[in-house]
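Taking it in order: structure first as structure tokens, then the write-up.
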Amino acid sequence: MIGLPAYLILGALVFSIGLFGVLTRRNAVGILLGIELMLNAVNINLVAFARFNGDVAGLVFTLFTISITVAEVAVGLAIVIAIFRVRRTVEADRLDLLRG
Amino acid sequence: MTLPPAAWHAIEAFIVLNALLVLVAYVTLLERKFAARMQSRIGPYYVGRPHGWLQPIADALKLMMKEDIVPTASDRWVYNLAPIVFLLPCLLIFATIPFAPDLGVADLNIGVLFFLAVSSLEIVGLFMGGWGSNNKYALLSAMRAVNQIISYDLPFIFAALVPVLLAGSMQMSAIVAAQQGLWFVAYPVVGQLAFLAFLVATLAAENRVPFDILEAESELVAGFRVEYSGMKFALIQLGEYAHMLGTSFLGALLFLGGWLGPGPAALGPVWFLTKAILIFLVVTWVRWSFVRIRVDQILAISWKLLLPATLALLLATGLVVAMRGPGGA
Amino acid sequence: MSAFTLELGLGAVMVLVFGGSLTSRGADRRWIAWLATAGILTLGIVSALVKPTPPALSGMFVLDGLAIFAKRLFLAATFIGLLAGIGADAVACGRRAGEYHLLILSSLLGMLVLASARDLILLFVAFELMSIPLYVLAGFLKGQDEAVEAALKFFLVGSVSSAVMAYGLSFVYGAARTTDLARVAQAFAPGQPLLLLGLLAVFAGFAFKIAAFPFHMWVPDTYEAASTPFVAWLSVAPKAAGFVALFRVYFEGMGDRVATWVPIAAGLAAITIVAGNLMALPQQNAKRLLAYSGIAHIGYMLVGFAAASASGTAMVLFYLVAYVFGNMGAFLVVEAVARSERSEATAALRGLAQRSPLLALAMLLFLLSLGGIPFVAGFWAKLYVFWAAAAAGLYWLVLLGAVLTVVALFYYLIVAKRMYIEAPDASAGRIRLPGTLALAVILCALVVVGLGLYPKPIVMAALRVAAPLF
Amino acid sequence: MTLETVGFWVVATVLLASSLAVVLTPNLFHAVLYLAAALVATAGVFLLLEQPFLFAVQLLLYAGGVVTIVVFAIMLTERLVGERIAQTSRHVVNGAIVAAAVFVGIVGFLIGAPLGAPRPAGTVDTTAAIGRALVGPFAVTLELLGVLLVVALLGALYFARSEE
């Protein structure tokens, strides 16, 4: 039988991988993908806890995080497209008009 | 015989899958014959004389033996995988469709939602193909597809939720059972409107005429599959027809009472198939009667007409159900 | 009155603004701005009448003293921010006025709910409702490179922090087996490492929202690139909301276990004060200067948080009031000058005393308040916060804060020197500012002076609302 | 080995492999496809935890929604630039160290936690329970989410439309 710790460690791994992506990617969309992975880890955690605690609130929470993520992604990509219109780049470290 | 349930499921799925593939093959023949009739032609005739009964098999053989071309500039890995990724969800949607009471792979209690969720994955394969081909037309087609599918997913889901609300369940068999007295298509006002919206959204979601801008032969040659040939082309074609057929089955289940009909219960699957084919023929009829409309018109229809209308319809249905009180039909 | 009076009222204002922006065409939509401002003013008056009610929604939504105090503060800040925006040219009154005000109002709705949320899910949703409009507003001048770029940075950092926060919340939920904060506190007993892990991660998320030191990098860029009336509001209202939520999560019902947070909060306060003040020193752009000094102020408030006591919490609340008006006022003066000079550099303030004595006087008051000089609001704020920290035994933190207050005075006084001692540029004429902006500045100045001379009522109110948390 | 154990290891392997691929592949489009795989694998995790409703929502919103939006953005941006965007990484070593440290930290907390409780018997129908919770205690939260979605739509529209 697979226990709760296995799911939590799976979540932690996905979270760390996502964090790695956020830290290392230069491209804004690439960073966004890392954030998606991190949020995915949140959902794994929530569902696993809800299942093992026998509680419905975690499942509701998951629904909310999923919906909020989609909203966030939509806004973020709209910003990416807007920045493309003016700058023609989404490399995060070429965005250096503002500094220091 | 004592096989574990998982094995039974596997066998069942295998049978359904193969029956389905045959059905899909013959649905293409049906469409060609039907289209021919509408245009006063005969259609396929010679292979399997007198009415081209062997035509689908001949087509399949031909496609299998054709040369498989992979464009040099393509994103090889994505290009090769795309047809499979496209086909898989199209076949998976049949998993929750019961063909008669207790005759189906899995009658999940979230059946309708499962259908909608899995069929939304089809798009991944679509843009894999459009992107992987590294072809201008293919890419344009994939972009149009994304546009269109984002726009029509919601009306489609809302329309499909009307019967769910009326029946008070997402389980397919429960929805059919709730239509025992009255098919939902005959339900006063909301039923007809929802069915109409469902049909329109189906046309768009399946990229059928008049919403077929993403394969518009005159502009984009053949859309996202322009580079595909041989077996891969066949897989994509198979996927499209399977999806179309699956949606027809869904429509028959949600609105036309599924396997309900006069005669003994054993006739159920026959009724069901008939109704599904009927929906399929309506879609085909539209295909051969209408002209293609422009991209902006397609989007306007969705966002300014269909989406608000289906939303209002869903609200109205909620009111109807609330006034009717719980449990009653 | 129901527990949701203010939220419902705000919803009504939002519907009005939305409907209004749908029915009107044209480039001048000043009346939408007026509509929104009037709506917020009405709500502010209503909020004066709101009384605490028993928790609604099975304890998820509380309207206690703390929530009411916070909501009044949010409404006041939003009122001043909107009022100042009315005179602004393209952003708040142009073709997109409807969008602009709807975004601000919906962010405000998030804050109002956040102040009352005692349930993890509601808290998270309210937090996101507060944040997402801010990302859009930061890039509202979307034709400009810097604005969209700042919006992207703000968005990326904000989303990461939301993800970290949600991850933390998932552990809190898992360990406490409930999303009700009151019961989370009960579950927070020794032997619950997961709850600790969760609260730590949530703390990191909060630290971003209030822009504490290592999580501050979005602040200067966003402040510099976005329109100033919005920035004035952004620099105070979401921060205040973040602090109120912080109190809810970490103090409410925790009993004597609040001590767990003291070292973390004290450390964060220390580095935030040091980093904010030191980075503010070399700034030549007035908005960036205020951005970094704002980071330092967050550090001072964290000192009060680190005190982890009723008086510490109350003093942070008082500090928030002083900071809201002082900081907004300073930003608005910068806006007024920038509108006539087209420059946000501190150099543009040169000789302001001769060009517009009243504006210069107001700016001086705000700077003194931010710097912590007696007889303006900021003095009492700093004093009380240090007092509470000393009472909790954090002497080293008080000392550090006091030393860096002197550093801060240095850069505030440089600005004052520019205004009063240096001669104006030959080209610079008198500064004319729209009546609404002048009114907003005057309101801020009055509050800053009033609180400096007679802080007692607000202090007593803060103490009253903070007491039940412990 | 029960079916569940096998399923867990298969899903976990797919999830981790595709997650790694998301952050390592230089091709942005491939990264999105790997993300789709990771999201579907996560849906598989939900299925293992007997939550078919969340499985469907995950597919519908995440794999169907998020991936579609991201692909659309990539296609649009690349068409604006007219070239394939290679995506590069920086500070790989530092990033790896930080990520590993975070992971070790989390596991450190997990080890000390009392998590031995066995999995309780599954409730019959969590879908209905979720529905009741959504319109019951969480009704106001749901309303707030509605406002949030509208606002996000408004914001996305504001950026996406070109006026100049």
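Think of it as A, B, C and D in the order they're written, each chain with its own count starting at 1.
Going forward, contacts are C-beta pairs under 8 Å (C-beta built on N, C-alpha and C of every residue); 3 or more make two chains touch, one makes a residue touch a chain.
All figures in this text were calculated on a predicted structure; none of them were measured in a lab.
The chain pair with the larger count of C-beta pairs in contact, out of C-D and A-C, is A-C.
Chain centres here are Cα averages; for subunit A and subunit B they lie 32 Å apart.
Inter-chain centre distance (subunit A to subunit C, centres taken as mean C-alpha positions): 26 Å.
Remark: subunit B and subunit C have CA centroids separated by 52 Å (rounded to whole angstrom).
Within subunit A, residues 8, 15, 18, 32, 48, 57, 60, 64, 68, 71-72, 75, 79-80, 82 each touch two or more of the remaining chains. Not a single residue position of subunit B touches two or more of the other chains. For subunit D, the set of residues touching two or more other chains reads 53, 57, 65, 69, 72, 76, 106, 110, 115, 138, 141, 145, 148, 152, 155, 158-159. The chain pairs satisfying the stated touch condition come to A-C, A-D, B-D, C-D.
Subunit C meets subunit D in the complex at residues 4, 57-58, 60-61, 96, 99, 102-103, 106, 109-110, 113, 119, 121-122, 125-126, 128-129, 132-133, 135-136, 139-140, 142-143, 148, 175, 191-194, 196-197.
Subunit D contributes residues 106, 109-110, 112-115, 137-141, 144-145, 147-148, 151-152, 154-155, 158-159, 164 to its touches with subunit C in the complex.
Interface residues of subunit D, counted against subunit B in their complex, comprise 3, 27, 29-30, 33, 36, 40, 52-53, 55-57, 59-60, 63-65, 67-69, 71-72, 75-76, 79, 125, 127.
Within the complex formed with subunit D, the subunit B residues making contact are 6, 75, 77-78, 108-110, 113-114, 116-118, 120-121, 123-124, 127-128, 131, 139, 142-143, 146-147, 149-150, 153, 170.
Residues 1-10, 12-21, 23-27, 29-30, 32-34, 36-37, 40, 43-44, 47-48, 50-52, 54, 56-57, 59-60, 62-64, 66-75, 77-82, 84-85, 88, 90, 93 of subunit A are the ones touching subunit D in the complex.
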